[in-house]
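Down below is the structure, laid out as structure tokens.
Naming follows writing order (A, B, C and D), and every chain is counted from residue 1.
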Amino acid sequence: MIPLSWFLILSAGLFSIGLFGVLSRKNAIAILLGVELMLNAVNINLVSFWRYGNIADMAGQVFAIIVFAVAAAEVAVGLALVISVYRQRRTVIADDLDMMKW
Amino acid sequence: MNLWADPVNLAARWMAGLLDGWGTPAWLSTLLIQLVGVVLLVSVMMVVDILLVWVERKVVARFQDRLGPNRLGPFGIIQPFADIIKLLIKEDITPHGADRVIYNLAPILSLMSVLLLWAIVPLAPVIFGVDLNVGALYIIATGAIGTLAIIMAGWASNNKYALIGAFRQVAVLVSFEVPMIATMLIPTILAGSMGMNAIIQAQDVWYVVLAPLAAIIFMIAAIAELGRSPFDLNEAESEIVAGFHIEYTGMKFGLFYAGELLHAFTFGGFWAILFFGGYRLFGLEQLGPLVAAVILLGKALFGYWIIMWVRYTMMRVRIDRMLAFSWKFLTPLAFALLLATALVNTLLRDASALIHAGGMLLTNVVAGAIVVQILRRFGNRERARIRPSARSVPAGQ
Amino acid sequence: MNGTQLVFLGVGAVILISALLVVTTRNLIHAALWLIVTLFGVAILYALLNAGFLAVVQVVIYIGAIAILFIFAVMLTRKELRDRGPQLNPAWWLSAIVAALTFGGLVWMLQGWSGLTRSAGEIPPGFDAVGALGNALIAPNAFVLPFEVASVLLLAALIGAVYVAFTRK
Amino acid sequence: MTTETLIWLIPLPPLLAFFLIILLTNRNKTLSHTIALGAVLAAWVGAMVVFVRALGIQELANEPFASAVKWIPTADTWLKVGVLVDPLAAIGLFFVAWTVLMIFVYSVGYHNFGQPPGDHDVPGLPPHGAMIECGGHKHMVPSVEPMYSRFFAFISLFAFGMFTLVISDNLLTLFVGWEIMGLCSYLLIGFWYAKPSARDAGVKAFMTTRVGDVFMLLGIAFVYSATGTLSFHEIFEPQVLHTLASVPTPILGLSAAGLIGLLLFIGTIGKSAQFPLHVWLPDAMEGPTPVSAMIHAATMVSAGVFMVVRIFPLLSLDPRTMAVVGFVGAFTALFAATIAVAQNDIKRVLAYSTISQLGYMIAALGAGAYVAAAFHLVTHAFFKALLFLGSGSVIHGMEHGVLHTGKHTDAQDMFNMGGLRRKMPITYWTFLIGGLALSGFPLVTAGFWSKDEILASTFGGHMAVFVTLAIAAFLTAFYTMRQITLTFLGDPRTDAAAHAQESVWTMTLPLVVLSVFAVGIGWVGIPAHFPGIGGIVPNWFHHFAGSMLGELHEVEFNWIPLATSLVVALGGLLVGWLAYRNVKSPAQDALQIPILKHKWYIDEIYSALLIKPSIWIAETLVYQIMDKGLIDGFLHLFGKGTAAIGSGLRNIIDKPVINGFFGDGTANAVQGVGRNLRPMQTGRIQQYMVVSLLIMLVLAGLAYFMLMKV
């Protein structure tokens, strides 16, 4: 059978890749893609802990579902923001959106 | 256990024994067996699909007061094969600037999404790919893949019309998925399970009796998701030449076409499963799995016929009207029905089947009456807004 | 080494590779599509973990809604259909180091943990995960409150998104 | 419900009513008086239940109903407050509950509830009456009191104070109730605050009683410092009393007990309007009549006596204190009586008679006649309340007449009355009963028994007191008869009197009830060996109240005091009737001699001795010279000095050092730092994330090494 470590390491890798995407991509949408990857990594952890822990305790799956909801909300609002920013400033490059600097 | 009572499992067991005889490891043999089953199912469906081409063309002809294909074979039954040959031998064009991989992937996905649906269709109590306990959700999921295919096609074609078609498809899907899920949940509530088989087994009384409105809404949403007229905005010929598959030629287009037809047929099947008792018909299914399968396919054909009927008799709707129709009318209605059903079902749980059915029907009738009233008001207001001189339509017309 | 493990390894490889492509491909549409592949892989992982419901929900929500929204947004936010120029920040190597450090740290922490190599317990016969999940979501002594809060969050997100993206005429 | 709990609950309803009316129902007259009456009725029920249960207990004096709670933590003990119902408190509860209830009922009628609001009535003035249209012709009718609800709120608060005082088991809560009543008395005397006379009367009453209260507070403090407790039965422990009696004090060589008794007694002098501090009571008649009846006849002024009775064991330790008490009481009795004979205002006569009757009780206490004093306290409460209410009814009737005739006649001057017995029979008969009780008409009236007991008990040792009281009794009978004659008998001397009419039932009913008590209450205290009827009714009161003191000495019967009381009572009544049978105007009144009319010029003397000097001190000495000259001068000087110092400091230290260095310097420094750090803020969110993550990872690694490796 598959040991728990496989899942965990896999999700760790996925998480790091997502993190890299978030930190390094220029395009705001791409950053959101990275965020999605990270969320999925987290979900893998949750579900595998559910499976490998007490199976009658549904906390893991419930958390996963709530992560789904959060992800959906985050994407909806985030993309809406991106789109409205694009309308305002004709760009979605994160580094060009630095009105907050000195 | 004989061939008549349970052909599939019999064959599977026979094959397993055979493979063991050859000394294949267990997991490999299971894998192979399932593979064979899938191939079998898919090929059967493709054959059905080919027949559907013919059916569609004949029915269109009848609707449009023509004869339709009638040269090749009896009633032109051979015509589809001719079509397939034609498609196969046509030039396969990939437009310049197209995203080659995605462009070629799209038609496959689109057909795949349809075929995936058949994995959970129980042709008979013992003939089914897999009895998912989340079947209803599975339908939506595969629908999502279909949409994905259309978007890929639209985007990869590097063509404005195609892109517009894809956009429309996404908008339609996102907005019509909601009432569809809501109405799918009504049989789920009544049967207490999402599994297709369980739903069918629970339908001693067809759910079209218990929830006619839900059936209607489901059908409308299905048509919208299929992208067939009057909701065929993703390929509205007169506006955006052929929508997402404008650039496709030869067998790729053929795949889209086949996918579309089979999709319609499949949704007819699901309509039958969810609301018309699936393979059950007055105990006839007891005669044997094959009879049951025939019954189901017949019902699916009936649903398909309804879809065609709607398709060839309705005008195309404007996109904004369509979305408004979904968000402002279907979705609230579907959710209201969902609530009412849940409530009544809980109230009448312990009542006799007759009372239960009566209560359900009554709920639906009342809801329907209210809906009709609302629609009349709205229609009259619209008329008054557009043509103040127009007289409002009195009740009963 | 048996079937499931093979499946897992394959799926894992697909996931990681497609994820890497998500964060590196120049073409955003491709990135989104690769994301979809990743999500499929994750869904299969769920299935391996006997969480069928989550697998299907993963497909419905992530692929059916989120990924398509991404593609939508990508298409809406570009002047021409092609992406030119580098898609990574000039300082991408730094973030690469950070990510690598994170991964290393996580793995290092994990291998220090005792329960790492435990294997899954047997699923008791007749255990209905979906039913249990549903009960857990609406049981007052379980997660009904987070569930409701999540629904409110979704509503707020809906309204907020509409408001933000709305073009004032 | 246990009796103790019930006792705790007795004072609460009136307090509740007070707050309810003040805060909520002030606008609604009906609701207000319903609440007040309901509350006082509840208190009445409670009191009666407690009283009856108290009667049921033998040896109530030795094991009274008592319960106490810890209130204020003192160094090592607790200051406890609690309730105590012994025979005395039971009696107090009895008459307080009855009179208060009666007076509440009476007030409803007295303030013309149900009449239309006046045309130009203003809050703060007595109602002028309303013009109503009736059967074609207009005529004036009494109008309802504008501040009706307010009145009931105040008397409810007063009832709370009185009940608290009666049931309290220690001096402190007793004092609290005492002061609450003082406040209410002030508020109610000045109830019609737009009348200057009422205003001044209120202030006067407050000031004068304050004088007494200060001394009383001193006494209480002394008690606490001497015994470490304020609870009665702890003070009255024999050894405590013994120590108190033996400890000498620097003042006049009095013992501690004597000094304490004296101080507390001064409080009584203030409250019960005894001789030097009696001046406030007559002016207090400016208030509405129910107030005069309740506060200034039945309950509050009795509270003074009640307190003295309470502390009697303490008081009786020192003969000199007793002598003072006796002297003050006797003198007040006679002195007030002499003034009363010359007053023309119907209420003032009663006021002075109240003073003199209180003097009676005090004198009796001074003579050691504890039981007699308590007895007279009760009877007097009833018949004096009756008399006051009667006079109020009379005034009411007269005001009717005044309104009717439209002439401006003083509705309180007895010389404007006459012949009212036909107009207002109920008032007449009840007033007559009250009068006879006051003047001690033999055998039938309560006043006779109590007074006779006092005279009898003073006869033996204290001859002077006995004689004084006898004369006072004669005068009492005399002016009572004078009052009755002038008011009710003869013919109407004015149109107002001619058109007076009987009051409403809410006013007459209390009169009747009280008159029953005024007659009947005496029979519980008939001395056992009184000739003829003695011993028919057991001398219940004597046993009950007397059980408070350990030894119980029934006064041995003697003919002389009996004869004296008979003679003075009957004689006084007869003389009064003969003298005023046909007096038509003040001119024909032989007793209108200035010195009596002006109350022995006490007020004038006070104003000359105290008020004018104090005003002079305040105005000239303190204000002009000290305040303006000295203090202000100093202050101005000081102010200038500080201003100079301040400006100096500002120029030397503040501007250069503080502002220049600390203020601007730090500001510039911060600004410079900010200017140099600014480029860090690139506005690029990913940079922020990278940096923060790096730092976090490094810190995490460090922390891990620190924690694990060490």
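The working rule: a residue touches a chain if its C-beta (ideal position, glycine included) is under 8 Å from a C-beta of that chain, and two chains touch if they have at least 3 such contacts.
Every value quoted in this text rests on a predicted model; they were computed, and no experiment measured them.
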Task: Taking each chain's C-alpha mean as its centre, the one farthest from subunit B - done: D
Open item on the list: For the interfaces C-D and A-D, which has the higher count of C-beta pairs in contact?
Closed with: A-D
- [ ] For subunit C and subunit D, let me know how many angstrom lie between their CA-based centres, rounded off.
- [x] 84
Task: Distance from subunit B to subunit A - Cα centre to Cα centre, in angstrom - done: 33
Open item on the list: Suppose each chain is reduced to the average of its Cα coordinates; what separation in Å results between subunit B and subunit D?
Closed with: 95
TODO: Return the distance between the CA-based centres of subunit A and subunit D, expressed in whole Å.
DONE: 81
Task: Numbers and ranges of subunit C residues touching at least 2 other chains - done: 53, 57, 65, 72, 89, 91, 94-95, 98, 102
Task: Shared interface positions of subunit A, touching two or more other chains - done: 19, 23-24, 95
TODO: Can you tell me which residues of subunit B touch two or more of the remaining chains?
DONE: none
TODO: Examine which chains touch each other and state the graph shape they make (line, ring, star, complete, other).
DONE: other
Open item on the list: Show me, using the given definition of touch, all chain pairs that touch one another.
Closed with: A-C, A-D, B-C, C-D
Task: Complex interface listing, subunit B residues touching subunit C - done: 27, 31, 99, 102, 132-134, 137-138, 140-141, 143-145, 147-148, 151-152, 155, 158, 163, 167, 170, 173-174, 177, 194
Task: List of subunit C residues in touch with subunit A within their complex - done: 4-5, 8, 12, 15-16, 19-20, 22-23, 28, 31-32, 35, 38-39, 42, 45-46, 48-51, 53-54, 57-58, 61-62, 65-66, 69-70, 72-74, 76-77, 79, 83, 86-89, 91-92, 94-96, 98-100, 102-103, 106-107, 110-111, 115-121, 123-124, 127, 129, 132-133, 135-137, 142-143, 146-147, 150-151, 153-154, 156-158, 160-162, 164-165, 167
Task: Complex interface listing, subunit A residues touching subunit C - done: 1-10, 12-21, 23-27, 29-30, 32-34, 36-37, 40, 43-44, 47-48, 50-52, 55-56, 58-59, 61-62, 64-66, 68-77, 79-84, 86-87, 90, 92, 95
Open item on the list: Show me the residue ranges of subunit C that touch subunit D in the complex, using the header's touch definition.
Closed with: 89, 91, 94-95, 98, 101-102, 105
Task: Complex interface listing, subunit D residues touching subunit A - done: 678-679, 681-686, 689-690, 693
